[in-house]
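Multiple structures follow.
Consider the two complexes below, in which subunit A is the common component and subunit B and subunit C are the respective partners.
Up next, the complex of A and B:
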């Protein structure tokens, strides 16, 4: 009886926390369904800053999909930034993975002088926030004449240290005997990586892809620093730019922006869990 | 199970991406369809040119109007506008029978009016008075009659006068008896008061007696003409004058006009109804048609070309501010075959019909004749230089001097250069038919001003050029 009561109370507490956490997301789904005048009334305290608080009708008075229609049919800017985001994120993910896999394989499989020190430096770099290296990155990119180009965002991200760390854990789990037996059978190091490393380290690689996607999709600081031209802006800069007076478009755009992230999460959920578990166990 | 969900998620994600790709093009098309297409022009700094083009006629420097008494029937008229006439040429013949009738009628009217009270002007007349309270038996004169000093003007009723004398006499006797009574009673104050009355009545009695002794006649005190008789037989006289006599009598204005008109009719009759040209020149105006009656306006205007020619044009009130005496214009005649340059404005005056102004320009030409139609052409530049925009770019409200314009603001957008229509108020300082010189505050010097748009614009609207 006591055990049941304890379990129930835990569930209740967790449910309350869950509702609190989910509340902003719930609002993001509810508000775009309001008609533009109703939504303007809801958001007016945010625009006027007159000390009043927003009064939210959780069920729209006249539910409508007009805001989505306006966004999807009459706001071509949104598609420009959507595909910008997609291009930047996709490019980074592709080249980041291509760069991270050999690096991680080297850290996991080879023994060379200074390996430990180099790996430690990688971890230190992983922990340094962007703001610390922002100025130096800015100067380097400016010297390379890459300012205000997509490469300014893509290039530094390709060589991020976090994917190396995450994939390294997946490769480190592979028993050395398996790789050695492949070598005995005449496989060179690239073949070992291709036929042994990649299939066995797949969960780590996919976990890295999923996590990186979620991070890159919402990336703000790098585009804000390196991009001046609106034509190159990603979604993460477009949404804050709209402001509260374009609330209807902003909220609808936020929902559409969420969709790719949700898909990627659903597709890579299993690998993400496995990859994180593998990393955690090994550490 | 998880694998199935994953596969389905991948499928839906692909569908989502495909839908986004299609919508990218669709939204671009729809957005472009919504966007107004505008044409624009640049703001320019220049003077406003006022182009003037007015039609007018060549006229003689001096014009001689031919006036004919009003209301006469035109029998013949062989000359038309533009015809050259010589001095004393018959330009019109009037119906003499109709003229005779008119003259006879007028004569009758004048004769009637001369007998009326209002025929003569009473200004400067000498009034003739008589005793008040007497009845008029006969009026011996009428207005217009000449009278000499001492002539009988009217006779008074002798019976009425003798009764008045008897009444006054009785009243006088009664007063005298009363006064004697006062003396006996030694009431000197009352006696004195009544004495005044007695003296007054005695004087009245003396005047009445004098008139009676004169045969009850009222005589003229001066020689002249009777301008007005103010009493008639049977009236009782008052303190006012009974007759007005003027040493130099004048008829009233109306009568005078009629007399003048009669004189004019007689003169025309003497020429058998012919109207002659007063000078050699060109007939520039004709206001008489055969069978119709003449009007008060000049029947003809004959331009006397012997003293030179001028060009005369009627100019609208709005444009007159740009023309002043001394300005020089070009004139064109005969479809541009004859041009006259350097024609100076000699005179500007309000048109007779009040519908604008008449401008006279000097003109020297041996080829041109009076009555020829020509065109005045010129361009006057404003003294001040303005920021100029086409007039059709301004949207005027109630005021003619204030309006709104749209200018295009260029910015870097998500698709490269974006153009936004911005509204701006302008004050019109000066304008012509095409351009307006305006005051623009806050407008960039190289601003692109919207001339026309395929859809109604609003402030902040995205447009395409």
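Up next, the complex of A and C:
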């Protein structure tokens, strides 16, 4: 009986924690569904400072999709920014995976001189925060005359070392004999990668894509540093620029920004968890 | 057999590694080496000035403030996150239905910072919702973003974002402790507390090592919340190294940036090496 009581009290505590964690997201979902005069009670105290405090109506009086209509029909800017985000995230994801898969294969399958040292360097640069390499990356990009272009954000990110590390974890688990036997049957190393590495390392690659997507969709530091032209900004910088004055638009744009991330989170949760666990394993 | 395959193509790895390696060299490694050199030179003329840049950085008031805040932030957040997440994971490890709880805790990781900027402002502004609740209950309003309270808000947002990640890692570690050993201890009459302290915790040292490193590195990402909600010059209690780098960059203080980047790099590298050494030593015992 006491055991039962203890278990249910743990469930209750966990439920409370979950409610707290989800609370800001709940607000993000319910607020954009409110009509502008109702929303004014929440937003105008942030702008006008007339002694009022922000109120929140948890149940909208007249739930409406007007804010989304306004965003999607009368805010052409939003499409451009969404396209920026999509282009930046998509091209980084594609090319970093293409560069990382063979590199991870080289680290997992070959024994060469300096392999250990080189891999350590990869790990260290994976762990270094952006601010430390910010200046050096800027100098290269400036030298290539790429400042203030999307490529300035895309190129350095393609060669992030994190994907190499994560995909390597997947490849390292493939038994040697399996790959070697394919070599003996006459396959060259690229074919071994294609027909054995890719299928068996699939979960590592997917994990990397999911984790990278979530991070890239939320990219702040790099575009802030390398893009001066606000027309090139991705969603992660454009939304905060709107400010509370255009709160209704901001809130509905936030939901549209959330949708791809939630979608990837839901379909990729298994891979995401594996990726987190794999990224934590010691080399 | 293996040897034969390898010796045949000694340089066989190169085409696989080259695209990535070239990119890393061009965009990260070589430029970083270059900024190491620059940290000893003036920004404009490139004359060698010895450790002058370092002296300038260390005597810079903003740098000291940023180092102090960043160190304080890391010093409070790491132990807090690690212990809270362990308690949560330990509790979860004894429950049956944890899938949904895990998903909920992990979810903030997927939420772009920008999507919640306005929600944070609604909650924490001087005229925001939390102050509405506080004042209507007779308390006085708190300036959550403009006083020392901002530091606690930032710590809270860090825990909110990273709790799921860390709980998941702890949970994997706890689940991997052999149930046979635990059952044997139970048969010998060990109680829950003894099992936790004598069996489970000692087994989790590798997990602790990785959680510490990952939490440390994620602690730099709170800049996103701090910058997007409170701007380039937030309250002085949450002015972090990341703000400083960003502002030096905007003002093109490149020589100071180079020196500060080298200092931060050295500190982080030192911390990683020390942690690894401490951990390897434990391993041998």
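Rule of thumb we're sticking to: the second predicted complex is superposed on the first by the 266 of 283 C-alpha atoms of A that agree within 3 Å, B and C clash if a C-alpha of one lies under 4 Å from a C-alpha of the other, contacts with A are read in each partner's own complex, and residues count from 1 in each chain.
Here is the rule we use: a residue touches a chain if its C-beta (ideal position, glycine included) is under 8 Å from a C-beta of that chain, and two chains touch if they have at least 3 such contacts.
Since we're looking at a predicted model, the values are computed, not measured.
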Clash or fit, subunit B versus subunit C on superposed subunit A: fit
Contacts of A:5 with subunit B and subunit C, given as first, second, both or neither: neither
Partner chain in contact with A:77 - subunit B first, subunit C second, else both or neither: first
Which of subunit B and subunit C A:99 touches, first, second, both or neither: second
Partner touching more residues of subunit A, whether subunit B or subunit C: C
Contacts of A:138 with subunit B and subunit C, given as first, second, both or neither: second
Contacts of A:59 with subunit B and subunit C, given as first, second, both or neither: neither
Subunit B versus subunit C as contact partner of A:267, first or second or both or neither: first
Which superposed partner A:117 touches (first subunit B, second subunit C, both, neither): neither
First (subunit B), second (subunit C), both or neither touched by A:231: first
Distance of closest approach, subunit C and subunit B, by C-alpha atoms in Å: 14
Common interface residues of subunit A - those touching subunit B in one complex and subunit C in the other: 264, 269
Residues of subunit B defined as touching subunit A within the complex: 2, 5-6, 9-10, 12-13, 16-17, 20, 23-24, 26-28, 30-31, 34, 412-416
Subunit A to subunit C touching residues, read off their complex: 7, 10-11, 13-14, 17-18, 21-22, 24-25, 27-28, 31, 42-43, 45-46, 49, 52-56, 98-100, 102-103, 105-107, 109-112, 118, 121-122, 124-125, 127-140, 155-156, 158-159, 161, 164, 176, 180, 183-184, 189, 193, 214, 217-218, 220-221, 224-225, 235-240, 244, 247, 250-251, 254-255, 257-258, 261-262, 264-265, 269, 272-273, 276-277, 279-282
Subunit A partner contacts - residues on subunit C that touch it in the complex: 1-2, 5-6, 9-17, 19-21, 23-24, 26-29, 31-32, 34-35, 88, 91-92, 94-95, 101-123, 125, 127-129, 131-132, 135-136, 141, 160, 163, 165, 168-169, 172, 206-207, 209-211, 213-214, 217, 220-221, 223-224, 227-229, 241-242, 245-246, 249, 254, 257-258, 261, 264-265, 268-269, 272
Subunit A residues within the subunit B interface of the complex: 72-83, 86, 229-231, 233, 259-260, 263-264, 266-267, 269-270
